[in-house]
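Presented sequentially are two complexes of subunit A, the first with subunit B as partner and the second with subunit C.
Our next item is the complex of A and B:
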């Protein structure tokens, strides 16, 4: 296998996986995922969160197996298994998916800002500034992207504290009795939930950028568990606070919850909350953007800088086509399906293929 | 093309220097200046004396030279050297040495036989101010000494505190015309040799004609010269420099500058006053936290005012909103204009106060602060709530111990104000994100500027936001990658248990 080795100044310590994985997973989803899972599984949806958490943990372990001791990344593995041309094609499709997520996350957050802050804002200029920011972060290299993600985790952690209101004002009885929904629905609710836990597939891209990658498994797993816990408590909070039917009519239950909080100098916390949560959005979008650019950069001969600027322009122009709430919902739904197939279908398949391919090649090498 | 031109010029320069082939030519060049004096001495007038009057201590000539040489007959310059009671004399015929020495306060003596040998006698005219109290980094407790303009005095102040033969001083001459002496100081065996080499390399590579102050060097060798943030710390306190040297950093002393540069440095160090080490650690930590809070407050408060009063008045609770509205009800401007006018006024006051002599500066402060402030509110041009906020923000920006970063912080809030006007609180967040990214991308001598926050190095947090007591500061900062990582034997700092006192 022809290995890709990044510059040592761009590599980060395995401990930071704790932050990277968490920052990729927490995005726009945390504000609205309760609605999606409660639609299918009702108040018992918290069980699906735990189940999804367990499943994604397995995926993380599989990813570690795929990457292996040699710290091979997605592109290397693809070309190793499927040959040069077909491998590159697969990587290209994958990076298109990453790029789409990166832009969708941004656009869907702009939606929130339009609804809560400025209904008649010029989104083109706003999008332009945001993409410039993402470009500025990404061009700094992986270390800067991770640094930004690192700080964003503290912001989301700070914001998570403000779910306390639901625990003081809510009714725990809402959740009882447990197992009120048929198990099939609980399983089905894992599909929208897995979109919220997407982000671990990026490990395949940035694996070579991590020092002593193999020792990072514990950090990645604990990060995944931590994210699951955050989602779990968030869902419990919302379920305690809202009626099961009511949740379906609220687009962003968390924002509605923040409305209730007031301090001597802040009357409506959701304004502060939305502004601060944007940091998490940018971190997620930026990690996806960087990963996508890294894929493009690896399969073509363009420099990282050129391809990033080119794709940023495409990203800005994408907003001309996505201007409707329904379109955003549709794209999100499609991407979540693709992501689920990728996580639970493609990555295990890739693992099996990798095993077979390396076995065959070893046999040939011995002959 | 340009490079070609330059190299051509350089060749010309060399040629013009080559024209001076013997001492007489040099003598002619120097004679053109009126403060270049020369006369003949001795019984038979065979000793020629020449010097730059402005560089020479005239007492030395009058007292010693005339007395000794009044009636002597000397025909060999070596005899003359032995006769004169000066140390550090030198006999040479090398033209560049003669030129350099004459221009740094030496006197030249020559016999009128045809010999090219010249005796150089040091007679430097030393004039410099006395070592005085620090003015920018003043501290109530602790030593009250500051660097002055003379490089030797400055190194002396450092050496007095670090009594080690391993304290190395490497001299580099910078500046094509000014030929400024720059001393790179470090402790061999503690400082990382890579850092030292990088600094020496960067300083010797400086291509500029004049180096008037250490800030020239600082701008030319910092990693990102376009950044508003200083990436090398400049200080006027010898204790701070000595302490940095012991931590494994490298100090750059520039002749003619009362500020010494320290590298590598991090952002949090700019908010650490050296006085923090003179106070007990809980108090020192509290002051540090106040300072960091002050900086954040100073940058964010006026943008918040603009954002909240332009877009998000829902955020303000009812009672507070009443106060705000009553103070703003007669103001004819939108919040952004109001803020910009007042911010500009404060900046004007600061700039005027800094440029004027102390006494007039005080008057200006009173006139500006009290008269203009009150009048502006009474005239109904600005609200008094904003006046309080702006004054507090200005005050907060002056709490930074290093003056240079204070400037950065004061200017930083203008982009924030613009973003706040565009998109309210979201705009402020965007501006903050740009700022954080910029800080993340900054490096000081190739080391991350935001360390120990990012990359997270828990061991360096012991002296970042909170200054922990001395007995836990067992290792040198990771950022310096010191050759000798351990400061003290931490086993011996532990309290002995089970012993009664």
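Our next item is the complex of A and C:
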């Protein structure tokens, strides 16, 4: 195997996985996931959150097994298992998916900005600014990207406090009786939920960049658990605040919850909330963008810089095609399906293939 | 040289981002109260917007208001109609109260409420109320008050929500309007000679006004509806022909289900005897007698109120929602047919803890 080994100046310490994983997982989804899961599983959907959290934790462990002691990344593994050409093709598809998520997150955030703040704003221009920012951060290298992710965790943590209003004004009755939804629906609700917990697949890309990668498992797992707790807490708050019929009328339950909060200097908190959320959006998008560019860079002979600028241009132009809310909803839905298959289907499959392939190659090496 | 050019482009970007509509507080028409009437002839909503006029001089004693009216079928169209009368950009971001006329609420308010919900710049912590008669006449009358009209209505409803009526903002109204097993209610504002007061609570079935309860029943309703704090209750002790006032009332309310058709709404009240007209309560026996008399009276009054609700098939006490959380096989249709028949028993216990400052 031909290993990719980044320079030590590009590496980050393993405890930062706590922030990286959390920042990738929490993005635009936290504003609206309650509606999606409640549509399928009603107000027992919080069980789906826990189940998804447990399953994703297993996936994290599997990822650690795949990467192994050699700290091989996704591209190396693909080429090792499927050979040069087919491996590259798979990586290419995977990086397209990462790139799509990176841009969808931005576009759906711009949608919120457009609805709430500036209805007459030029979305093309705003997209241009955001993509430029992301390009700038990504070109700074992995450490800069992680720095931003580190920062964003504090912002989302701060924003999570403002769900307190739901606990003071809400009705706990909404959550009762527990287990009144058929188990099938609870399982089905894991699909939209897994979109919210997506982000752990990126570990496969940035694995070589983590110093002493094997010792990072505990950080990644605790980060995943932490994210699950944040989602769980958020869902309970929203479920208490809205009843089952009401929530289906609301596009972004969290933002509407913030509408009720006011301080002497701020009439409506959602304006602060949306603005601060931009940092979380940029961190998520940036990590995905960086990972996608890393994939493209590793399978081609172009430099990281060249491919990034090229893809940024494609990203900006994507807004000309995805500019209406129905398309955004559709793309998000499709990506959530793909993500679900990737997490719970492809990665375990990859693990099995990896086991078989390394077993076979070892046998041949011994002969 | 090349890097310089890039910086120049980026600088241009920063300058160009200012190309959206600016909203400077002094240059917008900040609408603070919105009233809606229904015009049956044209089948249109008539919107009356009240904006404060912040004085050009600092010494302005009275709050002045400016009113705009617009008529259209949708909220946004009313807004743009109002714009034709206003010198500045009309902004609805700081609305404090939304009023509906009685006619409109009798016809159903769901359509306009959904229109309000769809506007992203309207908050949710807004007071909603019904006006007796037309909203237009109520809002267009000039009152002599220190506050602006919008602030007056806001403070009126807000302060009464603490003591007399349960709080009902736009979010809570929506919650009850859309949810299963509950019905909303709204305070009814009435125009008095010189001012505005809260006349009654309007109980709604779905989105239509069907019943109103007068001031005398506010306390009973609030007792059955939620935990309350700091209330005053005037008790007429008929057997002794005395009138006693109890204040600083604190109560806790809970719902207990005996079976699927039997429910007890329990309210425990603790209060202070403040006005007893020299009579006083000096012995334990008297105290107990008084407590029991009050409990009995309250129980009777509650029973009556609940019966009215059941006859009208409205559920402002959210008994249905409680049943939903209690019974697994709850469904809306079945509940709605059962609701008038189930027995709802109020169980009210009263306890006197302190007396007044006169022996």
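General remarks:
Note that in this section the second predicted complex is superposed on the first by the 367 of 367 C-alpha atoms of A that agree within 3 Å, B and C clash if a C-alpha of one lies under 4 Å from a C-alpha of the other, contacts with A are read in each partner's own complex, and residues count from 1 in each chain.
The rule we apply is simple: a contact is a pair of C-beta atoms (placed from the backbone, for glycine too) under 8 Å apart; a residue touches a chain by one contact, two chains touch by 3 or more.
What you are looking at is a predicted structure, and each value in this text was computed from that prediction instead of being measured.
Judged by the touch definition given at the top, the superposed model places A:115 against subunit C, while subunit B stays out of reach. Once the two complexes are laid over each other on the shared chain, residue contacts for A:150 go to subunit B alone; subunit C is not touched.
When the shared chain is aligned, subunit B comes close enough to touch A:282, but subunit C does not.
In the superposition on chain A, A:327 contacts neither subunit B nor subunit C.
Contact with subunit B, but none with subunit C, is seen for A:130 once the two complexes are overlaid on the shared chain.
Look at A:266: by the touch rule set out above, it reaches subunit B but stays clear of subunit C.
When the two complexes are laid over each other on chain A, subunit A has residues 118, 121, 129, 262, 267-268 in contact with both subunit B and subunit C. Subunit A makes touch with subunit B in their complex at residues 12-13, 15-16, 113, 117-118, 121, 126, 129-130, 133, 136-137, 140, 143-144, 147-148, 150-151, 262, 264-268, 271-272, 274-276, 278-279, 282. By the touch rule above, subunit A contacts subunit C in their complex via residues 115-116, 118, 120-122, 125, 128-129, 132, 169, 171, 173-177, 180, 242-246, 249, 256, 259-262, 267-268.
Interface residues of subunit B, counted against subunit A in their complex, comprise 311-312, 314-318, 320, 423-426, 428-430, 432-434, 436-437, 440-441, 450, 454-456. Subunit C contributes residues 10, 13, 16-17, 19-21, 93-94, 117, 120-121, 123-125, 169, 171-172, 174-175, 178-180, 321-322, 324-328 to its touches with subunit A in the complex.
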